[in-house]
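Each of the next two complexes has subunit A plus one more chain, namely subunit B in the first and subunit C in the second.
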Partner chain A sequence: MDLLIFARGPGMYWAVTIFVIGVLWKLAGVILLRAKRDLSEARKPSAWTGLRAILTRSWPRRAFVHGTAFSEVLGYAFHVGFLFTLVFYLPHVLFFEDMFKGLLGVNFQRLFGVSWPYFSGGMVSFFGAVAVAALIALLVHRIVNPVKRLISNFDDYFSWLVTIAPLVTGMLAYGHVGAPYQTLIAVHLLSVELLLVWFPFGKLMHTFTVFMSRGTQGMQFERKGATL
Partner chain B sequence: MSAAQAERYDKQGDIPDAERVKRAMQNFVRDFGRSAAIYMESCVHCGNCAEACHFYATTNDPKYTPIWKIEPFKQAYKREYGPFAWFYRALNLKSAVTVERLEEWQELIYDSCTVCGRCSLICPMGIDIASLVSLARHGMAKAGLVPHELWAVAERGEKEGSPLGATPKVFKDRLEWLADDYEVEIPLDKTRADVLCTMSSIEIMKYPESIVATAKIMKHVGADWTFRLDGYEATNFGLLSGDADWQRDMSMKLIDAAIACGAKTLVLPECGHAYGALRWMGANIYGKPLPFRVVHIAEFMAEHVKSGKLKLKKVGKSVTFHDPCQIARRGGAIEAPREVLRALGVELREMEPTKGLNWCCGGGGGVVTIHRADALRHRVFQLKMNQIDETGAELPVTSCSNCRQTFDDGQAHFKWDKTMNSLLEMVANNLEGEAA
Partner chain C sequence: MKGESMRNDEREITLGEYLAARGVSRRAFLKFACSLASLMALPPSAGIAMAEALAKAKRPSVLWFPFQECTGCTESITRSHEPTIESMIFDMISLDYHETLMAAAGHQSEAAREQAMKDHYGKYLLLIDGSVATGLDGAYSCIGGQTNLSWLTEAAKGAAAIIAIGSCASYGGIPKANPNPTGARAVSDIVKDKPIVNIPGCPPIPAVLTGVLAHFLTFGSLPELDPLGRPKAFYGETIHDRCYRRPFYDQGRFAKTFDDEGARNGWCLYELGCKGPVTYNACATIKWNAGTSFPIQSGHGCLGCSEPDFWDKGSFYRPLSVAHWGNKATLGGAAAVGVALGAAAALAARRRQDKIVKGD
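Up next is the complex of A and B:
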């Protein structure tokens, strides 16, 4: 099974390497830019409280709920579904525990006193299905909504593709559907690797920059006493 | 807006196209720092910002989606400046920006953006989109791609000291006749004063009673104050047009005048962008903290209401307050005008939404000067009229002469039965112990 050997070995190695270096490169390229100190007299004694925007911007204000609720709900459905599938599926848990031990040299359970929790396969399938359904609905919305259609570009569609691919291939592998199991696993791993390789170059980077962006606006606005 | 209007754009100077694009990009990134780059990297194209924009809300035209208004600059950032610029160029994921694209975008960067910043508050990624539009204007101004009327008043401001012709001579003459007509003392060019007052050109030329109101209030609270001919004009069309050099020149006049008379406080007039320009950008232009305080006239009045020096008669009417975007939402002076209104004993009926989420009047950011944008601005203004009518308040009040002018124009256009009032003038007309 050459494909599986590649996907598990050099494929994963290079994908993770590109992911890590790419993410660090992009973050450094932004963070290392100059940041001028604001010399104006602050209205508030400390701007740090503005960091609350990292949390508060997770849901629109009442005045903005109308018109954004659809995207917000679907966005949450996708993110929660994706995260749960990624983090709480037993084979993934075993993979992460192995990685944890490999990186830190200590067992996760020994260090924290608890084992990594996981859901049943059925539960994970449910969350995976929610994530896939939300992604499909978001794609349809991107195509039919005039605003979204206008502002969308290659990054939006390609990032969508590399995000839904591991979910779909993973569910096919779980259900042993369409091909021999080893082939399905190989395809699943390759789709994950595609996601990792594309990650630093496109909008998926918002996984990290969302906190920086909200925090930046939060602190800038807070020192002025501006509405946040 | 008709197709013919939408296609129109203006150009300044005789510059080759390639040079225009180069200048646009150089000046766009001139003040580009970490914050702007973080914002540029964070957009997920969710389109939520459209919902917060009055231009989109009243037209449903997707081109008015706030983040789309800076698309060529976003494109240029990814292709030329971002950490993966080489990658985007190698795969041609972003094409090079052309002068035609910048010309096409002039309408979106100027005519249909008041830089009100409402979009910055809806963005789930926390992108301050309004600040990016301002950076885009820096590029457009140096590329000579500013709507003509806006550019013309900005240039006049730079050359004559006032965008609407309120030159030092005109201002001095006005002060003299106002002092005579209204029998009020208006100190000018005192060598030392605790408080330096400034005015906006709209007030000087269109609402001169604001000058009288300022003088009456200063006298009432016993301030040691003055106007100065070397720094009276707070309007900053350098900022609105995007010409950062002109913006600096205009701000430095006020800063130098305040320092020259040893002012402890510089009072900004009822003008929205003047507040952003000096209160929040002044020290950064000066290069160090300003040796004086900068306050808006509403903040000055609120302080004196609190200290008990500003005593007001009760007005006994219902009022709704229109929050000027640059003073309230983006400036943080949200409660000061309301404290003054409470001292006036009015029944305050808030709009929905209000304060930092209030809708813009549609005339800010220089839009009111751009004639070809009138039809669009009037369309947007209907939203404001509805908002005010729904409060059922007798008097709309604001603390920005640019908003006031936009309201006056909208009132005339729609034959609306409401006239916008100045908070400053309302206070001056209701000083305790003085005839109105």
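Up next is the complex of A and C:
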């Protein structure tokens, strides 16, 4: 079995399996935790408005903007670049469409009546480059800034590594740089598999928990009468 | 006997003399040598050097053994409708054994083979097409009561070099496809102590064989090979890299089916499973049928036939970026296991809380 066959076959299959086990384990573990009973009377009639925190906390506060702008801008640049690269590149689209069809029996085009849109390779390379540049800048900032460095641990650095690896290997594969294409695409797939396996057990899990925790916190604050 | 002595006489004269006697002009020969040099990415001066060396070269004895094969490789190299570079291969060599092409049959042909091996021990070129059956000690494929395996091991001893023609001889090919009932192996799996050139493809491009032979005659050595034993000059780049549809790939223009507008416009066939990005061969540059076309130009994706085990690498029509998903039930089970683990973790946390509340 050559590397590409492994990466496209058993490697991907088991990585996705571990990803599913891990993500559901973590999510169920958090959701089924007993919520602390709040015996005080609610200060506001409905706490649901606290869901606004999901939006308001996703934007820099004017008072702190000088201190947080660098991380916020680069954070958005990375997330947008990464998302566009992941979702709107044709080989990825084919991968997802096939995954939905093969694993869930869902035909995207028939379900939504439109085909999955995608960008040209050049556009995707641009978004990928933005994501990589942002990640590098954020790493430098993490190392240079004493506070950030102090609160960083192995999880932060390893999560950074498994996130940038698919981007870099994918761009090398797109440009056919450094090795034969089948080696590059195999290494790219293996780097994605490493990401999937690490994902539920490190800080990358924030993808699923970030809005959940922000919403919950907003509702708790709202109940206590805070204005968000 | 008369025929044999004639062949030997012909071999004593140089290739230049032989071609001149056949009415091939010096100009045509120079053109031939220069185009070969150009195909092999040699500098322009190499064409003249090649022509001079070839003209002085003695025609080498070549034995061509057919093993587990379909004769497609022979068809590819001989089916030229007009005199071409490929057809000149037969003028460059003394083909002393080729079952399909030789007039002799039965014992006479075997005698010719044995005689050639004896006369040119250590000097002849051994060309193999087809894989070598190794199951049941090679009994799955025999010629004249002898196994291909025994032929190969015996003939390899006296060969100057071996050229494995086609994907079957190079890697085992279709006979080796899962479950490989005959124990098919590549020539390089059996012979370890001789220089071997692999010319894979199903079938291979005729000009590649001509180029390798010309290189051998000109420089007395085999051309530079890649890690899979293929001549770098022909297998150095992917089909995708040299494909005329490559700009459409970069622009994101793809045919979705074989008869949609994208297909009619000649857009990239990646989505239809083209294996061009992982296939090293010269189809996109040299092309087929005197440079007329190649599979992608004809509207079908590349099958990757010059790569090892191409038959067992999944559907020809599944895009390269798509994974091979296994059993859906395993993934469903994984989801159930994940939820169960989460529930167990949450339950354990609740119990711990209860214990703390009770002051245990």
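Assume the second predicted complex is superposed on the first by the 223 of 228 C-alpha atoms of A that agree within 3 Å, B and C clash if a C-alpha of one lies under 4 Å from a C-alpha of the other, contacts with A are read in each partner's own complex, and residues count from 1 in each chain.
Throughout what follows, a residue touches a chain if its C-beta (ideal position, glycine included) is under 8 Å from a C-beta of that chain, and two chains touch if they have at least 3 such contacts.
Just so we're clear, the structure is a prediction, and the values are computed from it rather than from any experiment.
**Q** For A:R34, select first, second, both or neither according to whether it touches subunit B, subunit C, the two together, or no partner.
**A** both
**Q** Regarding the shared-chain residue A:R110, is it in contact with subunit B (first), subunit C (second), both, or neither?
**A** The answer is neither, since A:R110 touches no partner chain.
**Q** In the superposed arrangement, which partner chain does A:S152 touch: subunit B (first), subunit C (second), both, or neither?
**A** first
**Q** Between subunit B and subunit C, which makes contact with more of the residues in subunit A?
**A** B
**Q** In the overlaid three-chain picture, which partner chain does A:K26 touch, first (subunit B) or second (subunit C), both, or neither?
**A** Both: A:K26 reaches subunit B and subunit C.
**Q** Starting from the residues of subunit A touching subunit B, keep only those that also touch subunit C in the other complex, and list them.
**A** 22, 25-26, 28-31, 33-34
**Q** Going by the contact rule at the top, pick out the subunit C residues touching subunit A in the complex.
**A** Touching subunit A from subunit C are residues 238, 240-241, 249-252, 254, 256, 270-271, 277-278, 280, 308-309, 313-314, 318-326, 328, 330-331, 334-335, 337-339, 341-343, 345-347, 349-350, 353.
**Q** Hey, which residues of subunit A end up touching subunit B in the complex?
**A** 22, 25-26, 28-31, 33-36, 38-41, 43, 53-54, 57-58, 60-61, 63-64, 66-68, 71-72, 75, 142, 145-156, 200-201, 203, 205-206, 209-210, 212-218, 220-221, 224-228
**Q** Inside the complex, what are the residues of subunit A that reach subunit C?
**A** 2, 4-5, 8-10, 12-13, 16-18, 20-34, 90-92, 94-95, 98-99, 102-103, 115, 118-123, 176, 180-182, 185, 189
**Q** Which subunit B residues qualify as touching subunit A in the complex?
**A** 32-35, 37-39, 41-48, 50-52, 56, 60, 62-63, 65, 67-68, 71, 82-84, 87, 93, 120-128, 279-284, 286-290, 293-294, 328-334, 353, 355-357
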